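Once you scroll down, you'll see the structures, which are given as structure tokens.
Across the two complexes that follow, chain A remains constant while its partner is chain B and subsequently chain C.
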Partner chain A sequence: MKPLFVSQENIIKRAYRRDRWFKLAGGVVIAGLFLQLAFAYRLIQQTLTGSSLASENRILSYSIHTANAARAKYADLEKKLADLHSWGPILTNRLPASAVLAAIEQAVPGGLVISHLSLKAVQQAPIKLSTGVFMLPRMYQLLVGGERAQGSDSALVERFSRSLLAKMPSSSRQLSQHVGPEETERLGTFQLVLELPANGNYHSLGLSPVQQPEENL
Partner chain B sequence: MNPNIEASLEAANPRVAWIVIAGVLLLLVGEGGWLWHQARSNSAIDQENGHLREALVRTKARTDELRTNEARIKALYARLNDAIVVRKGQSDDRLPLPRAANPKDQKGDPPVIKAFRESGCEVLRGPNELGNLSVTYALRSSGVEFHRLVPLIAQQENSNTFLVVDNLTLGRPESTPAFSKKPTALNARLVLRLLAANP
Partner chain C sequence: MYRHLRHFLRFMPLRYFLTGGLWSGPAPTLAFYLAPQEARLLLMRGKKPVGYEPELLGEPDSPPLPEGSGISRAVQARQLLSPKLARRYGLSIDVEHLFVVDCSLKDVYIQVTTLHSLRRKTPTSLLEDLDEDPARILEEWTDHRPYRWVVLGNDFRPEPLLKAGVDQQVILVGLPAEYCEQLETWSETEGATITAIVPLPVAAYAYITQVVLPKDVARPGICIVVTDSLALSAVSRAGKVEVIHLHKTLAEALHSIPAIVADLRLPEHFIYVWASDDQLTQVDLPREAIALDAEQLRSTSGGSLVVAESHGKKITHDEPVAHLLAWLTQL
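Up next is the complex of A and B:
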């Protein structure tokens, strides 16, 4: 049926008011308008934050530049400090041979005499330095050989070995022990082989540990 | 249904409603994306500022540390650097000079080796190795007693903090009997290494 007394324009306006899709569209538009307020608020907030962060970034960049310029004045000193740090392992782990010899002298009992002695680096580790490497001994082998006094206690060598080990760096161990028989014309012989780690722990040798450069700088 | 309404529904195009809804939603999504992008950009700047702040603190602390310890570092470096042997006439990129290659040349000997030489040791310098920052010296003596040798080594170890003993062999001469009370000069062989630097 065709309406006779209502204009087409009014019919369309009415349709816009009553149709559910147009109602939904209207609702979406109204919600969108409200969301525009929230959007504007967030946008202003984000813009202000961004501007503040950018300004802080500029200040920090300038400060970093200034700080780097101040640090650059100490480039030579930094190189020296880096060298000191790289020398640290050599200073701390170096095994002082003189202290080992002195400890052997103190440990040897009256009934034994040393005829030959050798201290040999059997394991080395590279220490990286700025211009190359330095091979630092990490393990030594100590060989002590000699004679026993006639009629001396057969356990003397064992006691000497124990006393020697007590004076050597920590974690030292005996690799072998040989005690030769005593003969009528010849003195009995002995030979000890010890393994000494060069680990910087030389309290038993009577030495205090060397302070690493980074500990006091 | 009311005929008027029916007629009006026929007259209005519902696609207009859809286009409006889609347009509004598109606008909202676009705005949301813009906000998200802005937030991400702010977060990135904030993170960068955090890193810059940390770097600034570290740099300032390092500079202060260097400034405070300048005298100590210089003094310690000077003390330790004195112990380093400068390899004369031989750098990594040059062939050794004939004089520098002479292992018995005494002129370039460091003080530690001079001290051993003065104590009656024969000294032979080992060849330099590329990349290895060591100078090796083989020492031999048959005239030093144990009680002179130990303090000598101790003194040199104390004077040069980079002196490393690679091999030390001490032997009583065959002619000296065991348990002899007489002072005995030992047959001593030492292989020493010192930290070296190229000129």
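Up next is the complex of A and C:
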């Protein structure tokens, strides 16, 4: 039945309740409200998570600031410790020249006479110290030269080289070997060039390994 | 468009939608008959009557009657009437109210007229001016109370007329706005929506013209509607109302018939009398008059109205008001 003597307000109220199009619109609005609630929930969740992370960040920043302030008190000590730490590889990479000479002395056979001997540092790396820069040798080159006795075995130099390498630090190798011809009036010459790594492992030279400095120093 | 959208969003019945209103089907109708001394109710599910309450005045929150106010009683009631009765008859409590009100002569205005005689072009402009000041339109108007107005077609179909020619006869009906507001407030208190407030003479005359009067008879008819408050006599020719007279009693209405017949020159006519109660027993009807009694109503309505009452028994109701309420809810 059509409305009669009913106020416009009540006609509209009735239409909002009964008309299917208004019901459909109401359904859309309610669905929208629920979606907004879901978005709001997500937003609140993100805000809470964000504030938690920000709070954690603030705590960490404060901790770092406190730690830096505490560290500032020990700046001199830290500098000295850094210096000591730099000395570690310098001490480790030293080559015990006396042990090398002793090994040569032990290894040289009777038919060979050593006339000159040199040991020089190669492949140097700079290490910064408080007093300046120290050039740390990574490798040494050992040059051994001399003469062979007349009538000596021609493979003597080779045996001497192998015997010498066995006594040298591990990973040592022979760079060159030169054996001169034997002449009637003069003795035959020879020359050996060996490469010796300065890695601190001098067990073959009869020395114990150098104690490594602790990392936390 | 934006204004309508904003209004919908602001006044959308969100709670109603969320409590199942979105999926609810057609709401049951509670059709009330409200007279100065009595109130009755017919409960309808769709087009099927499911319950009848012949006496509502004993209820603590019966609706406001035309001669008094029921609002204060509705506020005091512990249990609201509409949901209680809807539950009693197994209906959804989301109901619609239809009121048929028997107002007295001083509270109802019914007149056949034309837009031309009222110096207006459209029903809308007529209603706007009547809302502002009825005395500007109706020369005889002396009532100072605000009224609500409706323009009906002259076939008495109970629906507002939106378009009409300036010389076309229309029926202008008015009811006091205060009483309409009382009914609306009461419905709102009950949680129901309101379909319509129909003056009893209008509803009864529409029932006679739409249901009782034979469509194929060219003879003019004089239809008399008698209620507890007034008597309305109207002359109808070929389904169109030509003249309406309001009287205090049935005797006055019957007494005016010879003059009407003489004025309109109605040598052959028939008279139908519809009475809301037992008013017909108090007068002698003319020989040519047909009283729309129970037997007539059964034949015109296609059978008796068998409806359960609150005690659960199904009872035959052939009184005119029950048939009228059932017909109105099916419109």
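Simple rule for what comes next: the second predicted complex is superposed on the first by the 146 of 217 C-alpha atoms of A that agree within 3 Å, B and C clash if a C-alpha of one lies under 4 Å from a C-alpha of the other, contacts with A are read in each partner's own complex, and residues count from 1 in each chain.
Keep in mind that, in the parts below, a residue touches a chain if its C-beta (ideal position, glycine included) is under 8 Å from a C-beta of that chain, and two chains touch if they have at least 3 such contacts.
In this text the structure is predicted, and so the values were computed from the model without any measurement.
J.: When the two structures are overlaid on chain A, which partner does A:I90 contact: first (chain B), second (chain C), both, or neither?
T.: Once the two structures are laid over each other on A, A:I90 reaches chain B alone.
J.: Figure out whether A:Y16 sits in contact with chain B (first) or chain C (second), or with both, or with neither.
T.: both
J.: In the overlay, answer first, second, both or neither for which of chain B and chain C A:L175 touches.
T.: Neither partner.
J.: Going by the contact rule set out at the top, does A:A155 touch chain B (first), chain C (second), both, or neither?
T.: A:A155 sits against neither chain B nor chain C.
J.: Using the touch criterion from the header, give the chain among chain B and chain C with more contacted residues in chain A.
T.: Larger number of chain A residues touched: B.
J.: Touching A:S7 in the superposition: chain B (first), chain C (second), both, neither?
T.: Only chain C; A:S7 stays clear of chain B.
J.: Quick check for you: in the superposed arrangement, does A:I44 touch first (chain B), second (chain C), both or neither?
T.: In the superposition, A:I44 touches no partner, neither chain B nor chain C.
J.: Quick check for you: in the superposed arrangement, does A:V29 touch first (chain B), second (chain C), both or neither?
T.: Touch partners of A:V29: chain B and chain C.
J.: Overlap of the chain B and chain C footprints on chain A, residue-wise?
T.: In the superposed arrangement, which is not itself an observed complex, chain A uses residues 1-3, 6, 12, 14, 16, 18, 22, 25, 29 for both chain B and chain C.
J.: Enumerate the contact residues on chain A facing chain C in the complex.
T.: By the definition above, chain A touches chain C via 1-7, 10, 12-14, 16-18, 22-23, 25-27, 29-30.
J.: How about chain B: which of its residues touch chain A in the complex?
T.: The contact residues of chain B facing chain A are 3-9, 11-12, 14, 16-18, 20-21, 24-25, 27-28, 31-32, 34-35, 38-39, 41-42, 45-46, 48-49, 52-53, 55-56, 59-60, 62-63, 65-67, 69-70, 72-74, 76-77, 80-81, 131-134, 146, 149-151, 153-154, 157, 161-172, 178-179, 193, 195, 197-198.
J.: Taking the complex as given, what residues does chain A use to touch chain B?
T.: 1-3, 6, 8, 11-12, 14-16, 18-19, 21-22, 24-25, 28-29, 31-32, 35-36, 39, 42-43, 46-47, 49-50, 53-54, 56-57, 60-61, 63-64, 67-68, 70-71, 74, 77-78, 80-81, 83-84, 87, 90-91, 94-99, 101-102, 105, 113-121, 129, 131-137, 146-147, 149, 187, 213, 216-217
J.: Considering the complex alone, what residue numbers of chain C touch chain A?
T.: The contact residues of chain C facing chain A are 7-9, 11-14, 16-18, 21-22, 27, 96, 98, 148, 150, 158-160, 175, 180-181, 184, 187, 193-198, 328-329, 331.
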